[in-house]
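Worksheet: the structure to be examined is printed underneath.
Naming follows writing order (A, B, C and D), and every chain is counted from residue 1.
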Amino acid sequence: MSAPPDLEPAFEAEFVVALTTLFEQRIPFNHLLGLRIDTLAPGGVIGHLAMRPELIGHYLHQRLHGGVISATLDAMAGIAVMAAIGARHMDETPAERMRRFGKLGTIDLRVDYLRPAVGERFVLRGEVLRLGSRVATTRMEFSDAAGRLLATGSAAYIVS
Amino acid sequence: MSAPPDLEPAFEAEFVVALTTLFEQRIPFNHLLGLRIDTLAPGGVIGHLAMRPELIGHYLHQRLHGGVISATLDAMAGIAVMAAIGARHMDETPAERMRRFGKLGTIDLRVDYLRPAVGERFVLRGEVLRLGSRVATTRMEFSDAAGRLLATGSAAYIVS
Amino acid sequence: MSAPPDLEPAFEAEFVVALTTLFEQRIPFNHLLGLRIDTLAPGGVIGHLAMRPELIGHYLHQRLHGGVISATLDAMAGIAVMAAIGARHMDETPAERMRRFGKLGTIDLRVDYLRPAVGERFVLRGEVLRLGSRVATTRMEFSDAAGRLLATGSAAYIVS
Amino acid sequence: MSAPPDLEPAFEAEFVVALTTLFEQRIPFNHLLGLRIDTLAPGGVIGHLAMRPELIGHYLHQRLHGGVISATLDAMAGIAVMAAIGARHMDETPAERMRRFGKLGTIDLRVDYLRPAVGERFVLRGEVLRLGSRVATTRMEFSDAAGRLLATGSAAYIVS
């Protein structure tokens, strides 16, 4: 392969639109949370979440509920695994790749809460540390709009 | 104290109502999820969650989103810690005890997903394994209506 | 099968000896730690560990190193998974069952430290919460000789 | 402060020697494992571990025991927290800073195992994601000599 090793294959617009639509619209709880995807690449996924009163977790402070953080980090890890699986099968059509995601399941999830989540908008990142033939291990970050790290996560997925 | 050591002090109705109302009504994200408390005792808390279309996580199957499980287990662990703190301060009025919960914060959370969460109604349990002067460690379970264990969790909290 | 559903098949002495010997003698790091198996049953495994000066983790106190706890809980979860796999294949000879353990691998591990581990002897338990066709989820406990819970753990394993 | 923000205060040799000696020599289980510190800085700690037959975890393969990985990652996180606490108190003498470490305790630990640990020498890194007044959250990595990531970890510590 003549490309530099850090140059990943880019996804076709068709695949990006299909996977983003699945994630944002056809997974009802992601839609309820308002989680949106901004960048979908083989090496990782970036999304964002807008603060809304229903997502508050503390009646005195205007803090995001910790459960919103764990739920959205889990979702980001899942779509990062889908992107990594998609990148491994670029010889297939986007539609064929989309059919591969039916077997995906979360094995477990850990979230470390670093700082109170206060703000208008939050940025989420998910990346796959290792995609094996059976298990994928992921790492996630939840930051505020200024880039301050508010929570980190890791999750394991069964992939086949 | 003449009571046997395994007989826990029971909470007054005033405290149970105040804490349940705080949890179900005044924490907006718990309200959005529809998480309800059924039993609130010093040794642990039991609640339930009704399935709703917005909580689905998989567009093909009618499965609960994994993020709903992590969010509700986190919430159950939090109220279990509040109950354990309340039980340690039964010499205070219920209102005084309620004021102790402002400093509570989740340090981290782990969830193990055992089986797909399918059903009309789910049962959640939270208990405190150890309440120290600084840290509380909790264990949680998420089951279906038939008592089948679907997920387990553990979480650590800072309490003062 | 006419036996009540909660009556587990008992292992033959040959299998118990083979698996215990593998665990205690042929896994060098378990031998270095001095981890011993006392009960090996399909539903769970119980073992113990004797305190030794080399296992201390704090130069001022005589506490067991946290890493001894995580290492032994990981090991106990692994043998609990082996027992659960063995119980599923009682139609095979003990030797055939022993050959099934080559593919086993830890996906991840979590340990919650509840209390300082001080004492002469510690008791460890491992049980499998769910053995699937691909993943096993386990729960572990680390106690002192008086039965006081010092640490808990959970771990996921790939099994095939 | 006129120094660039990424220029951390460097530790005095006296502090580096004292903390390294404590870690490698006066914590018996670290000594048993053979865990060594190579770099000790406010922003993180790097160490290494040499493979030895007693550290093997699988009788068929020459793989490091998963428990060695969890134990050494826990230890690396602990010394990274000590370094971060030390960096916050550079106005104190090295001896005064050393006395601050008595209250440190691991709350919990997670390890994700990515690849089999085979090799002659392993490299470990620990860094503090956030040092609060009560809790420190850490992230760790375990790699082979070629820099291939074999395991990652996260741990929470109580610091006062």
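Heads up, the rule we're going with is that a residue touches a chain if its C-beta (ideal position, glycine included) is under 8 Å from a C-beta of that chain, and two chains touch if they have at least 3 such contacts.
As the structure is a prediction and not an experimental result, all values here were calculated from the model.
Peer 1: Measuring between Cα centroids, which chain is at the maximum distance from subunit D?
Peer 2: Most distant chain from subunit D: B.
Peer 1: State the pair with the higher C-beta contact count; candidates are C-D and A-C.
Peer 2: C-D
Peer 1: Averaging only over C-alpha atoms, locate the centres of subunit C and subunit D and give their separation in whole Å.
Peer 2: Their C-alpha centroids are separated by 26 Å.
Peer 1: Centroid from C-alpha atoms only, then distance subunit A to subunit C, rounded to Å. What do you get?
Peer 2: Roughly 34 Å, centre to centre.
Peer 1: Among the residues of subunit A, which ones contact at least 2 other chains?
Peer 2: 107-108, 110, 112, 137, 154, 156
Peer 1: Could you please specify the touching residues of subunit B with respect to subunit C in the complex?
Peer 2: Touching subunit C from subunit B are residues 110, 112, 114-115, 129-130, 137, 139, 149, 152, 154, 156.
Peer 1: How about subunit A: which of its residues touch subunit B in the complex?
Peer 2: 22, 26-33, 53-60, 65-68, 70-72, 74-75, 78, 102, 105-113, 116
Peer 1: Once bound in the complex, which stretches of subunit D touch subunit B?
Peer 2: Residues in contact with subunit B: 107-108, 110, 134-135, 137, 154, 156, 158.
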